[in-house]
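Both of the next two complexes hold chain A, though its partner changes from chain B to chain C.
Up next is the complex of A and B:
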């Protein structure tokens, strides 16, 4: 890991305004962000952007978040993958254990979210 | 010493239904009667028997055969003690008169032998001709034709002055439905008689003994004598051909000036279905063989009626079943049960004949046919509900539901069922009292004689009595009608039960989804608020907070609308004059500001006005434009067009795009769409927009429809202008 490089976070959510706000917030904490509105866009971006973490919504227009998470995991040096979803986490415990690094429920407290992203570093 | 078999107190109109007419202890003086027990002992004999047989008879003794006419002696020995109770008739000649000898076994095991003196038979057809007439009658294919043909043939065969066909209604009251008569006699078709005109015991007798002749109503009865044994049981003469009849009946005949009568019963399934009654104004004897032929005709007619009725019932059942499944299908395929039942080509009103029918569901009521009952429906339903019956029915509301009598004016009969307890769904069929439509028909009544029992014993008296009996009473609800209503109730209640379960499941899913989708805008609000507190771009952030709050506001109000509609409360439309052109132009301007690249092409005449709830109409137009923006092909314009013709305004919102798939189209206006749960979300709301839009339009008395053609998706809203002055535009 390159210590001087800012942490890179890929935000995947078709609620683009939500993504944009979150990106702006993370940028204030010196994180580098990119936004993707679909699973397809996310898979295109992931090679060039090489994120450390991905925050993804479960309900996406072209594929669901589980599918996207699996495909991201299959890559070399997979990023940490967090679900950021309105779905309650207790319904998805098995999915968290197997696919996601963590499950963050919307609405998440912005600082707590930041803490989660930094925690693993 | 001989004694009359019995003696009775006089019977009057008040107690005639207890007169034991099957044991009159007397015969008509047309011949003689003998009754033997199984060992040949003579137990009963009519007073005139010894004279007619020209011999000496001793009761409680066997008859020495040599004292009887040879033919009679011969068959007597084969009849008495024979286990087969059906005896071949024969004729004998006594004192230059011909007698038909008719034997039968009565309920006490006595062999009854009757000798009936044969009249001259002038004007009476030969039996073989009557049997041929049966062929003519049985060719008829419907009941009125059958009865018409029968009275014609019976009149031809017997020469009676008047031959009538009665039909007995489900309440056993009688109606003359066909008649053949001498030209100078009144027309009696349509006359009604109360059930009591044939007392119960007489009805039973007519059912088992299907032919009765009174050759001369002024006869002097001949007593039937029995031996003075310790316990003389009266002789059961139910099947006797000479049985003397009730003096009350004879007085009725005398009052009408009728001297002779013959009746043939039409019995179906053990019930007296109808009767052929023959009247003559002078004495008339119909020989036994001719009577047998008429009786055969009656049996053929009964069997034919039974077949026709079975076919009619089957046809009726088929029609009812088709209507029930048509209605069930309509109800299954829509959310609004009331509209499904009341707005189709066919409605529950056609299931059962009625003067008015009501369909209630939620807060909606439709009255089919007649006028609504006078009282408050809520109170009526409450009372009906308390009866606890699946199917509430009465032909006499005043008697059975006196508390509802004034509420249900002008109706007398009611058939009701509750098919949807959750939404207060009821179907009610109503009938007026039957005399409202019936008057004493025919020419002014001829003056009939009135006997000692008074004017009740005349046709006019019977009609008045019938009127009295049916006052406040509707026609009967037939078993087939009750069955049809119950069938519909059963289908509809199944649907509403399973719908209730569906709604429950969908509501749970909806609330779960709502809980989920609300988190998204909340996330944005929370994030924007955080940013706002740390940056100086406050204005932009404020805009975003407002946008997200607005979205939450819309989601919440949609859910509130939904719960109002599902709870049957309605949207609370308040109509006021509304300038539709200004409204739509304003909404288009708002959309353009919110989406600067969006092309909207309006085609609106200025000054379109209507009576409407402006906020609700704005909701509909906004929803249609949002759908067009989200689902329309990119960079293609949205067309918004309005026009007025007569009293209708047509507003359409069109976008370019692929046709809507059929499975989506099927649920487009439903609140709960299978595809909206657990799949790609709808960013703009909960998919309730079109459902609510449709309700708004319907509540304005209008209609909303969608059409896909030529690469266009066109939503069209039709609204009645409802302006007092349509020239205003």
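Up next is the complex of A and C:
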């Protein structure tokens, strides 16, 4: 019998404590998670971890989240990409919104976040 | 204080407020970061991992409560620092640190603007007043960026003592409405004891003599 693989979520945020907490929260809901603190780390991890979804902060130390999302989208079988940001969605141009599967404003309700991830899976 | 002085001071405050509005999204992002983590920690305190022993649950609660306290403390620190945008406490900072902070503050403005800034790798050391210099540097950059051609970079040079230069690449011209006009940058520069020198493709900020010494 085939075992159903847990949904894999890559968290990209330079706030490591926040990222680890979110990873723990998602793991309790049986999601498999990895954390990356920079865009570079995320690009390295995405090949080996093959996430179903990526939650990324827009303000990263080495590249902006938009640039990272574009580079993730260029890969074969790209994951769903959600911006998780303190920047409000309305402040961004349409072009930036279109590159993300969704835009989640911080602070995100953890249960709503889970629902978004499961809904799209 | 004469009426002219009062009006001059008001004009400076007005330009500073315009700068503040431009970088507000990044400041809000900074405030929300630790609060977002704190709200997650609070939600997790209500969860109990299945099958965990009482001792493990207790340890987890203590750890999360510690994380929560740390993140709330961080939030308080970030909110308190906002005061530094409204009143001048007289603090100074090394030029390199100030430019690094401005780099972060310009983030949301640059996002998808099709313009970039090449920040200087080498910055000659000098201590500058945080309050007035931060506003001045941001106004300087925000005024210049619309003159940068699409997909090109404004290049900053702080490698010479006493002067910071911003070089515009060839081509372009104003493609977008300018958020600031050069007189507003000059106003902030003069009020803070700096001098703005405008050439065709290069705008230089000359540090106050006390800072560049």
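Observations, loosely collected:
Here is the rule we go by: the second predicted complex is superposed on the first by the 114 of 121 C-alpha atoms of A that agree within 3 Å, B and C clash if a C-alpha of one lies under 4 Å from a C-alpha of the other, contacts with A are read in each partner's own complex, and residues count from 1 in each chain.
Throughout what follows, a residue touches a chain if its C-beta (ideal position, glycine included) is under 8 Å from a C-beta of that chain, and two chains touch if they have at least 3 such contacts.
Since the structure is predicted, the reported quantities are computational estimates derived from the model, not experimental observations.
Overlaying the two complexes via chain A brings chain B and chain C into a clash.
In the superposed pair of complexes, A:107 makes contact with chain B and with chain C alike. By the touch criterion stated above, A:21 is placed in contact with chain B and with chain C alike. Of the two partner chains placed by the overlay, chain B and chain C both lie in contact with A:59. Legend: residue contacts after superposition of the two complexes on their common chain; A:86 is shown touching both chain B and chain C. In the superposed pair of complexes, A:6 makes contact with neither chain B nor chain C.
One listed stretch of chain B collides with chain C once both complexes sit on chain A; from 41-49, 401-409, 545-553 or 617-625, that stretch is 545-553.
With the contact threshold set out at the top, residues 15, 17-18, 21-22, 24-25, 28, 59, 86-88, 106-111 of chain A are in contact with chain B in one structure and with chain C in the other. On the side of chain A, the complex with chain B involves touching residues 14-15, 17-18, 21-22, 24-25, 28, 59-61, 86-88, 105-111.
Within the complex formed with chain C, the residues of chain A that make contact are 15, 17-18, 21-22, 24-25, 28, 58-59, 64, 66, 85-88, 91-93, 95-96, 106-111. In the complex of the two chains, the chain C residues touching chain A come out as 25-26, 28-41, 43-44, 47, 49, 67, 70-71, 104, 107-108, 110-112.
By the touch criterion given at the top, residues 515-520, 522-528, 530-531, 534-535, 544, 547-548, 679-681, 683 of chain B touch chain A in their complex.
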